[in-house]
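We call the chains A, B, C and D, going by the order they appear; numbering starts again at 1 in every chain.
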Amino acid sequence: MDLLEYQGKQLFARHGVPVPRGGYAATVEEALDVADGIGYPVVVKAQVQIGGRGKAGGIKVAQDRDEAREHCEAILGMDIRGLTVHELWLEEASDIASEYYASFVFDRSAKATLAMLSTKGGMDIEAVAEEDPTAIAKLHIDPLLGFQDFHARRLCFEAGVDADVVRGVTVLLGRLYEAYEQEEAMLVEVNPLIVTGDRQVAALDAKVTLDDNALFRHEENAEMRNVSAEDPQEVMAKERGLTYVKLDGDIGILGNGAGLVMSTLDVVAQAGGAPANFLDAGGGSKAEAITSAVEVILSDPKVKAVLFNIFGGITRCDEVARGLITAFEQIKPTVPFVVRLDGTNDKEGRALLAEANLANVHTVATMDEAASKVVEVAR
Amino acid sequence: MSIFVDSDTRLCVSGITGREGTFHAMNNRRYGTEVVAGVTPGKEGQDVEGVPVFNTFAKAVAETGANTAMVFVPPRFAADSILEAADAGISLVVCITEGIPAHDELRVYTHLQRSGDVRLVGPNCPGILSPGKANVGIIPASFFKEGNVGVVSRSGTLTYQIGNELAQRGFGNSSIVGIGGDPVPGSSFIDVIAEFEADPQTELIVMSGEIGGSAEEEAAEYIAANVSKPVVGYIAGFTAPPGKTMGHAGAIVSGSQGTAVAKAEALEAKGVRVGRTPTQVADIAVEILGG
Amino acid sequence: MDLLEYQGKQLFARHGVPVPRGGYAATVEEALDVADGIGYPVVVKAQVQIGGRGKAGGIKVAQDRDEAREHCEAILGMDIRGLTVHELWLEEASDIASEYYASFVFDRSAKATLAMLSTKGGMDIEAVAEEDPTAIAKLHIDPLLGFQDFHARRLCFEAGVDADVVRGVTVLLGRLYEAYEQEEAMLVEVNPLIVTGDRQVAALDAKVTLDDNALFRHEENAEMRNVSAEDPQEVMAKERGLTYVKLDGDIGILGNGAGLVMSTLDVVAQAGGAPANFLDAGGGSKAEAITSAVEVILSDPKVKAVLFNIFGGITRCDEVARGLITAFEQIKPTVPFVVRLDGTNDKEGRALLAEANLANVHTVATMDEAASKVVEVAR
Amino acid sequence: MSIFVDSDTRLCVSGITGREGTFHAMNNRRYGTEVVAGVTPGKEGQDVEGVPVFNTFAKAVAETGANTAMVFVPPRFAADSILEAADAGISLVVCITEGIPAHDELRVYTHLQRSGDVRLVGPNCPGILSPGKANVGIIPASFFKEGNVGVVSRSGTLTYQIGNELAQRGFGNSSIVGIGGDPVPGSSFIDVIAEFEADPQTELIVMSGEIGGSAEEEAAEYIAANVSKPVVGYIAGFTAPPGKTMGHAGAIVSGSQGTAVAKAEALEAKGVRVGRTPTQVADIAVEILGG
């Protein structure tokens, strides 16, 4: 789960990471109240889950109340790379002497957390990484020992942090790691991490990705989920425990297990088709899950045919068949279905389907055959 | 021969009294796996169709000589169960549970690596099947028979698909190992391929990967340097949507690694033939071993 | 540093370990206010750093305000095994169904923390350990992995905790370990850990020993130090950075390094003397520390002679000599001193002493000689 | 020969710019120890009487090939400094600092044990002297000369006392190792005695213990099973006040272990002669090796 900037900053603040004073607003009037409380100049920041807000005009400094109103009115409702701004964060203007970059990210390859620090913050850090990899100091953290002060000092000295703020950056990094670990984030990123004119350090931006699997331990974080910002079909799928990603094509795909679904997309593409989605019904899918899945797939009006590719292990094919039959009863789909069932209880599943004799459902024996068939019926 | 599980396996199932736990434990037993114990705190003294249940792994191991654990408990309890099994002297832990928090996986992995000779397979994996000998997990065993092809896969259902394609061509398997696709799998492609290389029964190794991470690229390096047996690869996800990159930091970490194309090319560069569909994988196997 | 029961309970509460509701009082009137707030029946508990309070009459249940007054008056000022009661803790009376015992202790031999749990709580656990060692379930904790739920369950099932409170005890133990580790305790001990009639668990007593070396990280805990309960000479020594333990004899001893001081006590005892104290001036002792040390030693009126046994490593003998000379100027001691200086700058030290020509100071060459001499002059 | 430190020692001093750090670093250098670097964060580019100072151990090791660290920083920074030295590839860390929190020591000890080949001596110890070769720490070297007696001790000043008694009888030392008396010493009596047993120069081992803990009892067992060279023991604290017991739990843990009498008896039961005073230790050494 990705947090908005203001959510990330609130999470940082809980762990003592210094952030500028600020407040949240969803309307212009709320925003002006917040701005008055902070005092002027004040920074008005669009809260959307996308980079490049500044360039798009989503971040503005206001010198007084009138200017603040002007900026808030301009930014609320603004479209930033396809996302509409519904929320604002206002904060005190910072006196920036230097801009650094800091992050902790869960590095799967290394099976460890990677810590990064650079004095070339405030700009596109990926570009920095490409042009001058030595400008980013990196090291991996032992998860059982944790991030130690010496790690922070090493990053600071390697990155070339100003000597007088090494202590401040060391403390900030320690707290940032605490936030990362205790909140079970997959990423915490601060760009820029600023040094102010009076040599204080603070996180001027916050990018936080939390581990969805760990949200059950963090109620406060689970509540931050911003459903409105997500694709409605993906939300629908998530609420039903399904993994769904919308694609551009017209063939709806359902499978069990991410690998098999990915493989199905590949095989359909090789057969000349264009998948409309990725939908993993998961291990042990029950009939209800299958019914829900059909609903999610068909909620995309572009879908011209649907492919069910099931190889049952923990999933039982009879459950899948039952779910499909229920879906037909409830939704009465008009597009053709191609169904391939193999694995646990496949005979029972196929028998159920044969018995139900659903209109427009083609049962096939192999995955390759299923792909050819669905491409054919989608034409 | 076979790897990891065989007729010496003495299985203890964590979460045996749950619905899925009971179902698959009994399924494994019907296949011939020696299921000697189950663990469910507070249910000691009960039995599940004759399999005694204990409160702790320590007691289950002491009383039954269990050497292998299958973990079937919900995600919030799974890391604890893996650690408990390892602490009790279990030498192979197979974790089926899906959805374990990533930081839990990281701590468990690091701890097991440092503190001894416990092998973890999974989490979020379908388990291990050594046809004709033992089945530990949820792999539908009826599709597979004993033979000379070792299969290792990040994906569960894809494993069955590939195994099935091979079976249709008449191939059997030494062992089929699902390593799972989680952020921190306990065993890697390399760990499993090394075992297949050493296993006399295995004559061909099939590895089935998918987009994300760099495990396939690392395996390619390892195979070139250490593996004498033929290896056939498969990568899922050529047409998959780009995965979630984790901020700019994520992009810096992974670089250009992780795409299906990059993985297939990495394998082919090291002489591993890569099938573009499960069917092609079986076709290549026929070419190598004879039909 | 040992905490009083109420301090330990407050520390527990900060980490979510359930403890009965209660309040602190130093006078009868305060106590009655607290008792009124809690309601009756209420338990009045003497706060002294010693076991056996209950048997000595330091813990009483009061059914009403009058009885509470009676108990508070009796207990405040009471002498319990040599300690005067100056403080009270009052708490709600608990409905006790079972009494368990739980502790985490820093086990030096194992280089790990030992966790212990027994269902034979509420009594002398050392006696239980002797009579029936199997009644106490034990295991060691990996400090990097920490105390896991499975550890707690294993202790519960081995100790024979009632099945319906295994979950509650597991949670309590997890929090107790958190308190132990995060507060950097050397010991946390709960005896009894009670199960109430309605099957809740709570810590009815609290014994906590904190690591003095870690107090700099725990300001809140450092403030709990109860100076009045300590020996005034030991407090004086501690304030001056010296390790001082009062003994029963008449020969004051000063050395540098705990091992050398212990060895000096042994050698003096073998020479027929009775040491009056253990005083380790520490490594790198400066002149001021030596002067302070003389003050502390001579504040014990029983001291008839003083032995200085210094083998300088990080400590320089000239500093020791200077400190002794200053002490003579300031305190003008009347008892004889025997001084043995060896090690770093010993020649300079001996020269300074020779030059100062202090009355009643005997310089000797070896430790054995020093012991014989001090025993002789103390007669 | 000698153990731990010798003419191959390349010393890096953590806290070299502090008063005590400078004093003892220079003292060690005057003795002949190769002091190649110092570490003080923020002071890189400076030097201490010609010894270059670095911000980090990583850089100090990279630039100077330091292989041994001496830690002299205040207690709140000491654990971090030990970990930093180990992380940078230092193989021997000698920690002089006194007063390190016990939980810090426990974490450091456990981490170093698991993660490789770093030896820690101390904390709260006087260091290691190999007479005629190198001195790392605060042992006043002028009292000792090269010879065949290895000394290992929990106490600093007592080490000098015993060493001095031996010197007065004409004995020199292979190495003198102070292991420190802290709750979790990085190296134990056993670790050091094993090295002396293997060191050809050492013909007699003197171990000086004190009340508390069970390190001496464990050493007695180890000596009986593994040590062929004569060992002379000393235990301080026969008349010491009873130590702080840590509650009832502390009493249960330690049982009757830990008293001077128990320790001396444990050693004597395993054939180790124990002197009752430092002078007696020297007398026994004379008997064993000849005067």
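Going forward, contacts are C-beta pairs under 8 Å (C-beta built on N, C-alpha and C of every residue); 3 or more make two chains touch, one makes a residue touch a chain.
Predicted, not measured: the structure shown is a model, and the values here were computed from it.
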Chains touching both subunit A and subunit C, listed by label: B, D
Higher-contact pair (C-beta pairs counted), A-B versus A-D: A-B
Inter-chain centre distance, subunit C versus subunit D - centres from mean C-alpha coordinates, in Å: 27
Separation of subunit B from subunit C, taking each centre as the mean of its C-alpha atoms, in whole Å: 53
Numbers and ranges of subunit A residues touching at least 2 other chains: 142, 144-145
For subunit D, residues contacting two or more additional chains: 107, 111, 114-115
Touch-based graph of the chains, sorted into line, ring, star, complete or other: complete
Subunit A residues within the subunit B interface of the complex: 51, 103-109, 111-114, 116, 124-126, 129, 136, 142-144, 181, 184, 186-187, 189, 191, 207, 209, 211, 213-214, 216-217, 245, 247, 255-260, 262-263, 265-270, 275, 278, 282-284, 310-315, 342-344, 366-368
Subunit A partner contacts - residues on subunit D that touch it in the complex: 41-42, 44, 55-59, 77, 80-81, 83-84, 87, 107, 111, 115
Touch list for subunit B against partner subunit D, complex: 114-115
Subunit A partner contacts - residues on subunit C that touch it in the complex: 144-145
Interface residues, subunit B side, partner subunit A - complex: 20, 24, 75-76, 96, 98-104, 106-107, 109-111, 114, 126, 138-140, 143, 153-161, 164, 181, 183-184, 208, 210-215, 218, 234, 236-241, 246-254, 257, 260, 276-279
